[in-house]
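Two complexes come next, and they have one chain in common, chain A, joined by chain B in the first and chain C in the second.
Moving on, here comes the complex of A and B:
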């Protein structure tokens, strides 16, 4: 049986491996190659120089990188704090409502991200749903709350909420009720249970949730473009500009490489720390 | 450990609030789509549905819908097949590189989609392939087939390998087992993976952005209009796109239920297997 498993496992992995090698690994290889080509060339057949990286260092692109990573960090921490009570309730308190909440959140994911952000634009802009109604009902006027850093972070929190909520709820569901009961019987306080039982035992869910939201937020583009106006330029925006207006593929590739290496090392580190079998509910 | 009554009420209220916030932007778009004015300001004074008429007549819109629909349909079929086998390798078979494979499959999900789209654009360029909606299918697959794999894998984890072993002991071939034992047991997972694949592809924007070439999908067109200035067609088409997703969802969830209830009213037949 075991030998058959070996063979069948490899065979069934092949279709997905083909997709990922041809359309994920190979393109990343091309990005890496392009990033060391001379600037403003459109072929990988030139003699490599590292001018794109030199430009990257000298032109102050670190600012965009800092904005991207900083906003991703703030939104991830906020998301964790906001999602924890809800995830806890989904795993331990709600009964049928967990299903309702799950369906509501998943269905919202099926609406294009930029449509939902555009909805916030209409809600928050001057003359939008909030400001317009407040002006009409109370006669108080105020400028919209758009085009600044907090609203970009709000957009990130809004869009990546499901990516924190679900792994967290899954992680908390793995905390055995007996352990919490025992700690409580032995006189542990609420905070002590949270600190010494819930958080450590739900760690795989916390890692996956935080990682997903951080990584996705760090590479996000639409939030800063639609809600943030030109308040700050994020990394993904710089990359897009280098490719489109700049027509500088090597520079765009070098910028991408920076993002890829940072995000990739976070992702690989995080993924290697968790046991996927137990998170996904293996029975054997 | 029972939670306190007030805590419970607060948590339920929090959950309801979360759902309301989640859907608030769609409420704004919904109102905007029936506003008569060319330049939108709330509160809306005149309501009109003429923008919907305009949208449905327009040939651009028809093209956008066809492109989005074709991509989503092909992505759905391919990712169901790839995901079915992928899930078996992910969850069912004990093979040597399984844990490595699991980690590899997760990587594209963690990857910024815009950057992935650009990387694919350069890759297609290196291969001398001109981007069109066909290449967007490939882009969507990189991200959606791992998700489909995960969804089916959840089902495959709960699957008792003894069933396959029994079939093998009775002399069934590998192919027969796959077709008559494994596939039917995983079918609910495969169907929900297909549903996810369709809806995620239909709504995807960052992967399409650089990979559709001269063609354009609905979310892409909407984005272009959003950045370049307000057009009354944006909320209207946004609503139509959302509406289409809901219709697909209701059909996908409703039809199997209907069939089930029709079956249960018929006299019970002896169960095969």
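Moving on, here comes the complex of A and C:
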């Protein structure tokens, strides 16, 4: 009986499996293959060498990698701290208002990310909504607040907010109320309950939310381009340049591989630590 | 003898909007007693215990723990503790860590905590090896003991229980009831227990408080509640019972209003009497009712027809239909089985010492 179930499961998974192999695994394979081709070639039929990786190390691309990962880390931590109170309220305090909030946040996703960022651009630029009002009301003139690292991080936080908020609210919803009450009854203060009960029991939601926002932020491009100008060059920007202006596919591929391996190992490590079944609603 | 209560409720009221869950309630809980609060669901017992442990605050009234007023103190600063209906064990912590939790909060050293946890495991008859077990590896009964150990580690002044046994199967519940009573006498702590099960209350308690619609209906020991209920509600709540509506007659006797009860004189001599015009309810438990032969006589006699016979394990229950159609219940031990056939007339009788009069309606 069990074996038939397994066979049926495998059988019904075949169509999606084929799509995944063709659309997901195969391109990754091509990228991996290109990354070990000699530089500036457009064919995968050359003898492999690792000159693209050597360039990557010698040309200071690690700086872009550090900016990408660093800003992703800062935005993820900030997102976690900002989202926790709201996620807690959505899971435990608000009742019907949670639905209103959910819809409001989800609706913002209907508008393309680039357009929303352009909105911020118009708001924050010199002569924009923000600086313009300050100048008109107080007579203080300044150059706008664009084109620096903090504004890029602000953009990352803004764009990836839902990806932290919803998993976090899910995670907090899994913390049983009676466990919190029992901890209080046994003498624990609010902070102790947060530390001893809420954080560990909401861990699956925390891990999923942090992974999503970190992975997305580390590969983000639009925030640094639109809001950051050329303040810093992020990894995704370098990859795009290598593939387009640079006409150096092996270099672009090598840069991609480095980013994929780093983010991939974070993701696999994180996922291995949490029970995804429990956050999807199945009981442990 | 005056006993200073450990917990004193003064005029305690809890309202939710326009709904009054708990009406003006006074109660003294005596140090070291096992008090059980029994009531059907919606009677306000859960509201009451939530006020007592500090998970809710009263609308009016005061709660005094010895000479300290505690009704406005939050749960985490009160020296009392509760075993939850769901037990509320921490699923992400081991058995040992669960038990040590209150000590950890107080900043007790890890080695001392471990020592105390092992002591408590022993007190609750769980092997040392359970210290490192996960909660989900424990059975229902074992979890119960872990929850108790955790509450005892807190060393509360009063230990509250919110129906912790209700989710367990019958046999395990019976075992744990006795263990809990035993634990009570060994620890000497004050236990306040909430349940909807009369049986549970009878087995364990020193005193039982019956709640109904946000009020105490009666507070007494098991014997008093069972044999001398103050209202029909209590009489019926405490198991099978036969009730007869009566009123006083001009000659000081009793006249039955529903089922025809023949009273053999003796009644008013020992205090089962009502003033003329006053009403009341005669109560007799099924085990005190006998089947009479035509030559026997008792203080109270009712005739009827035997309609049913049911085996209740050690006892057999008979249902007798009286002349007006109402059903009376008789219970006999298996060895005292009544040999009559169904649908034949029977005479039922009982004596005045087994009869209780509930005054009023």
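In this text, the second predicted complex is superposed on the first by the 278 of 284 C-alpha atoms of A that agree within 3 Å, B and C clash if a C-alpha of one lies under 4 Å from a C-alpha of the other, contacts with A are read in each partner's own complex, and residues count from 1 in each chain.
Here is the rule we use: a contact is a pair of C-beta atoms (placed from the backbone, for glycine too) under 8 Å apart; a residue touches a chain by one contact, two chains touch by 3 or more.
Values in this document were obtained by computation on a predicted structure and should not be read as measured data.
Enquirer: Identify whether chain B and chain C fit side by side or clash on chain A in the overlaid structures.
Expert: With chain A aligned, chain B clears chain C, so fit.
Enquirer: Touch test for A:111: chain B only (first), chain C only (second), both, or neither?
Expert: first
Enquirer: State whether A:176 touches chain B only (first), chain C only (second), both chains, or neither.
Expert: Once the two structures are laid over each other on A, A:176 reaches chain C alone.
Enquirer: Which of the two partners, first being chain B and second being chain C, lies in contact with A:26: first, second, both, or neither?
Expert: First partner only.
Enquirer: A:150 in the overlay: touching chain B, chain C, both, or neither? Say first, second, both or neither.
Expert: neither
Enquirer: Where does A:101 make contact in the superposed view: on chain B (first), on chain C (second), on both, or on neither?
Expert: first
Enquirer: In the superposed arrangement, which partner chain does A:196 touch: chain B (first), chain C (second), both, or neither?
Expert: A:196: touches chain C, not chain B.
Enquirer: In the superposed model, which partner reaches more residues of chain A, chain B or chain C?
Expert: Answer, by number of touched residues of chain A: B.
Enquirer: Could you look at A:229 and tell me whether it touches chain B, chain C, both or neither (first, second, both, neither)?
Expert: The answer is neither, since A:229 touches no partner chain.
Enquirer: Contacts for A:133 in the overlay, against chain B (first) and chain C (second): which applies, first, second, both or neither?
Expert: So A:133 only meets chain B here.
Enquirer: State whether A:184 touches chain B only (first), chain C only (second), both chains, or neither.
Expert: Both: A:184 reaches chain B and chain C.
Enquirer: How far apart, in whole Å, are the nearest Cα atoms of chain B and chain C in the superposition?
Expert: Checking C-alpha atoms only, chain B sits 6 Å from chain C at its nearest point.
Enquirer: Could you list which residues of chain A make contact with chain B in one structure and with chain C in the other?
Expert: Residues 181, 184, 284 of chain A touch both chain B and chain C.
Enquirer: What part of chain C is in contact with chain A in the complex they form?
Expert: 53-55, 74-77, 81-82, 84, 86, 88-92, 101-102, 105-106, 136, 150-151, 154
Enquirer: Considering the complex alone, what residue numbers of chain B touch chain A?
Expert: Against chain A, chain B makes touches at 1, 3, 7-8, 11-12, 14-15, 18-19, 21-29, 31-32, 40-43, 81-83, 85-86, 88-89, 91, 93-99, 101-116, 118-123, 125-126, 138-139, 141-142, 145-146, 149-150, 153-154, 157-158, 161, 165, 168, 174, 199-200, 202-206, 210, 218-219, 222-223, 226-227, 234-235, 238, 241-242, 245-246, 249.
Enquirer: In the complex formed with chain B, which residues of chain A make contact?
Expert: Within the complex, chain A contacts chain B at residues 1-2, 4-17, 19-20, 22-24, 26-28, 30-31, 34, 42, 44, 85-86, 89-90, 92-94, 97, 101, 104-105, 107-123, 127-129, 131-133, 136, 158, 161, 177, 180-181, 184, 211-212, 215-216, 218-222, 225-226, 236, 239-240, 243, 249, 252-253, 256, 259-260, 263-264, 267-268, 271-272, 276-277, 280-284.
Enquirer: Taking the complex as given, what residues does chain A use to touch chain C?
Expert: It comes out as residues 176, 178-179, 181-189, 192, 196-197, 200-201, 284.
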